[in-house]
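Both of the next two complexes hold chain A, though its partner changes from chain B to chain C.
Moving on to the complex of A and B:
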């Protein structure tokens, strides 16, 4: 327990020294140990009761892992204390939970400080992207020559499915997780999230899902691809399918918890003067995104529960012979599946909007139009899921409304990009690595967006459905646009989060390798798709060999870019230049606090008197931020600390 | 060493902020759960409408009326008891009759036990056709709701016994949202399962 001492002027907190036992119990170590023990014990109990039901044994083992992991990491301690403790948490207990004086080990415990949770998310997202990328390179390796040479078709199917779901999960949390947790509370002038314990819970649910998901490799994999379609999913081919379903259930709960936390934080913890109208665009983007997730993910959760009950308890939600229907799965899945891409898109788009103002030193063009477009995208995205069922054989009377609504989404999206371009137009542009990624996002989304129009129209979708054209389209939108937006945020906020500057030259190299490699890879796949190449096939026909070979060669550039980025992060952390409090001369609140950010964020809570986008006004206005506006630098490097003072 | 003032402020929130926080969090959670229930109900309606191969109801029968009705009645009584206790708390924090709250919790636990008994005695045989599958999932989903409410009730009872509710009067109201929602959702699901 930390001690307090008093002086003549003020009470102070004396740093606490933890023993090894206090650090390890509870921590991720005790969580994993207890989780494994729990999984094994439950497995053997269920095996004794149901010796022939392998799915039941596996699913209950996962349940045991989850419950005992959370017991071991101390997640239930807070619940117990809420109900049965003799007194509310003291200040010292709250600071212990927030990770004070625990050094790096606080990242391996059930720590409630939002900055710790943000860093945990950042590390996990980067690892998920790395592992998912390895799956992608395996796919390109197999597709570089005709024939199933390197992997069997079933192994290839599992690799494709794992790549897909890993990347989808990573891209859902890639902005809201690290930056929504670390930056958002500071941006609104709060000291922490509304529910700090739930914040830790949301992260550790994601962590607990990872070993569950990876266990599929030892259980025969799953044959359905990332969409997990029934009735293939409910056939008792391998227990590896259970791993997919259980992972999604844990992930859906994690995103629900995170969503209610972020929304509540923004609604009730804004500092004085931070009205909803003055909220930074990034906050709006994240809040709309998680609200969309809150509404969309329940149907995904229910679909996976139904698949598991079909597999374990022999129900028949998706078995036609017993009155079930595969269309039910498709509706439940895609009711989530399409809003999900906007859950991915909205934060990345908001990051791009945020950065465009900073690096053009201009106020945001059409700010209300921009926010209105984000809200309209959010609303319309819930109504378009039927365009994924155009060729499924379901009721054709619904096709026209779905087609119309899908086309309509392009209008607010167009307004958004108009606002972005208008912000950059005639601005005092400062070419930095974050802005490079924003520019790449703009270029790639033009391609991704236009090709989406073809897929939105039923007559063309009838021909293109199930082909590589679709694959190339969603890679252009999700990767070329949204992942680029996430990298823009990564390079932008890295100095604030980790206290070091990333090397801008390596960052630029990362960008150009990624962009050139990405364009070469996926433009080739557009061509292959137009020629008729189907998706999910290990055995590439000689008809598409040239296009696939070109795609695989360009993918090498993407692989190199990944390693450049990893190298940049490692050397920057090891011996990079120390970052200043305000790297970019930006006006949002996170740049008014010191780097590294103290535990309490603000010495005194700020009072906001305007929006954060009044760059380049003819008369300087005191908006209570206390910032000066530095001249636009000539190079990619951030100004030196001396130049900033 | 660091000044205590900013640290104290870290987790110190004004009472109206704490109240707003609690209410917003519970309401978000309810929204998410409502959508899960809607997905279940929509799935049931969809499969009923499709009646694939005319097998939707084959081998299935509606659940027995009386056990479900009794369970629903006990659930409603639990909600009324909670409301009675919460009204007393709102008028004068700490003045809500503890016995009424304990009655609400006991009735909720009895409802949970009843729901588990209903689930175990539905009388369907594997492999379960779509209708039976749906009734089973609705029954156990309801049981999960009741379990959550019972756990929350026990935790709240712990706070009341320890005297830690008086300083946080908003907890009774925020918990009430979930309690009443559990009652309403339970009744709706029972009606849906009975009359599908």
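Moving on to the complex of A and C:
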């Protein structure tokens, strides 16, 4: 283990003492206070001007919240300093912004340290998953018996929509957010992200979107489900729909900012010897994912801006009577909606590949083949959105090319499976909780992938489209595959990020409950879908009652697994074993730095001389694995260029 | 993934080549031939699975009541039969690896590196491409056969969705169905002309193999379908259309020609 030197930082900079005012401003407390005040003020101004336009009042209040929240949290402080040309950040200010010596309070400020942002993302994703899963269990409760018993149809539709969008948002950021921010810069040998302030901005935009989204509960909810289809979205009589649209706008900006940051970081800040060809697979997966997000999300943003202008200013992009078209919305939405699936999938698939090499102590079976398959998936995925419109009546001439593209994706996906199965074959399989999740992911992904063929094929899609079969299919891919992949990463990197071990028995219990419950629930829903049950049913028909009841009973296992996981996290944080720097014997760079990771990650930047997967090829497993040696002198006494953004 | 397909990199123990291994010659030959074993398991399970699929799936799938529905059900059986060996390939190799090659605790040594030979990659690409091409061509042919059929004397039904009911209008008889019932004569081709008055709806009759969106301001026609079995079936909305979406149910009654004629009369039409 390289020596853990954080000492020379302290020698240069005297720790600051904070007054209460300095602690509270800027921080999330001042941000929320100012944001709420701003929202209320703007709301009353707009209400005075436009007393009848509730949508305008709500949307402008959200805008006020967002701007004043960011003023309150100090997002504009740096711009203010530069804009009025007083001076650049001193080293002390840069380190202060990075959260030096602020203890836990740094997690509640506009902190630029990538590790803090990663932890913020991790906590947020876990909370979103928890809340979203409660929505899922409410849905299973309602669908366990025929008829709308537990919720009114209006409440049910809102729960379905909230569950959908919470889970989609959470799973888009579940790997790239926590691990892409915390682990990725260390993996490539960088001290921070390329744009630390943008990094903080991307997280706090996500944070700012959450209260906007939850406000829909007090504004009558929204009837459209997560897809927000117009013209239903425009027709929506309550302002709850505006909350959905504004949330998506904030979220799309957040992912765009994060994507630019991650791409620039990977392209520019790699350490000496870390060529693109030597990049760890995880880094490739995240980079491809955010690149795809950068392509796809603008159209989601635009579609929601258009819905909002339809609602607030009474334009008619989507109103057929005034020359608009619902197909326009569908195309804009699914141009985002299908690549978005791969935005979620690619990093989780990369995590699985990374982990299968680590836990079989064997080099990845065809690393270039695997990278090629990920890149091919990334490219093909922007060409397939039309299969969501097979039954829309709009594009018969394009059905065949869309079907071709969609089914072509199964070829690179097949290579992904070949690479992973080949990596595990004849390895020294060390069965840990992360590897269990990888195995579960492979099993579920096979089912999810194959059922995708049914929906890609025109003759079968025309009886399955819009039905429970679709619901079961995308839960198999998104939850069974990608969320499992993310949990694999969670159990794998948790010791590095939080410095504690998770209990492996509870982890295994979490896995088995989740996997069995998951298979039971969604295989039953496949059956219901084959019988023709439509989606979004508050009022389940007696025809499908048995399958739905079985699904709901199995969902109890998933619910138990959620609480097992929560319990595991809590007790491991309270009194878990302290993790070592190198928990698993992996060879990527994040395991060569001490745990907890020091502020600037590396005392000296490493030089890389090979890929991280040369098990059985180079020397036996060794912490340094001879891949790095002091390349640059410690730069702590000069302001590091990254800390300035 | 067989040893034959793998370049064993210069390392400690060279795996035995697949042609008949000389007994007890190298240390590796004491090990069971994992690859042959797993391949046997895969083939046996695949055959069992495919046969089981052909016999069991018809019990799982709902009965169809039209020519389109039968094609659709057949396609589902076909896809599932093809999917069985593909899925089992991953399942069997994964499960076998997890059991046969597991170590009790944190491994102290690395495993032998294996990398795929070009022939394995090309072969894999070939097999998956052929499967994929078959699916595409089959799907397109089946679909265009459905879409291009032009039967004689078809019945036309105009379907209009609105929050949250369906209206069925029979232009050839100048009559609308009163109440939420779509009544069709057996063995006569029918085409639906679908539109919506307000938001997006999805007109779906599972047993007829018909499913199309009802778009406001647009009229969409479905392929011809011929009901083949007398009975009562559900008609549902499959696009989320607001508050009472899940209550937007109607029923389809397939009846014989004379019952249909008298029903038309009873609704105020003239057969």
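In this text, the second predicted complex is superposed on the first by the 604 of 645 C-alpha atoms of A that agree within 3 Å, B and C clash if a C-alpha of one lies under 4 Å from a C-alpha of the other, contacts with A are read in each partner's own complex, and residues count from 1 in each chain.
To be clear about the criterion, a contact is a pair of C-beta atoms (placed from the backbone, for glycine too) under 8 Å apart; a residue touches a chain by one contact, two chains touch by 3 or more.
Just so it is clear, the model here is predicted, and its values are computed rather than measured.
When both complexes are overlaid on chain A, the residue A:295 reaches chain B alone and has no touch with chain C. Once chain A of one complex is fitted onto chain A of the other, the partner contacts of A:399 are limited to chain C, with no touch recorded for chain B.
Once chain A of one complex is fitted onto chain A of the other, the partner contacts of A:84 are limited to chain B, with no touch recorded for chain C.
Here chain B and chain C are compared by how many residues of chain A each touches, and C touches more.
When both complexes are overlaid on chain A, the residue A:224 reaches chain C alone and has no touch with chain B.
Of the two partner chains, chain B is the only one that A:309 touches; chain C does not reach it. In the superposition on chain A, A:325 makes contact with both chain B and chain C. After overlaying the two complexes on the shared chain, residue contacts for A:18 are found with neither chain B nor chain C. Touching of chain A by both chain B and chain C, each in its own complex, is seen for residues 320-321, 325, 327.
Looking at the complex, you find that chain C touches chain A at residues 1, 9, 11, 34, 60-62, 69, 71-72, 75-76, 79, 83, 86-87, 89-91, 93-94, 97-98, 101-103, 105-116, 121, 124-125, 128-129, 131-132, 135-136, 138-140, 142-143, 146-147, 194, 198-200, 202, 204, 206-207, 209-213, 215-218, 220, 234, 236-247, 249. Interface residues of chain A, counted against chain C in their complex, comprise 148, 153-154, 156-157, 223-225, 227, 229, 231-232, 235, 320-321, 325-327, 360-363, 365-366, 369, 391-394, 396, 399-400, 403-404, 407-408, 410-411, 414-415, 417-418, 421-422, 424-431, 439, 442-443, 446-447, 450, 453-454, 456-460, 462-463, 465-467, 527, 530-532, 534-541, 543, 584-585, 614-617, 620-621. Residue ranges of chain B in contact with chain A, taken from their complex: 1-11, 13, 17, 20-21, 24-25, 28-29, 31-33, 35-36, 38-40, 43, 46-47, 50-58, 126-134, 136-137, 154-159, 162, 164, 167. Chain A contributes residues 4, 10-15, 79, 82-89, 91, 94-95, 98, 191-192, 194-196, 198, 256, 259-261, 263-264, 267-269, 294-295, 297-299, 301-303, 305-306, 309-310, 313-317, 319-325, 327-328, 331-332, 335, 598-600, 602-605 to its touches with chain B in the complex.
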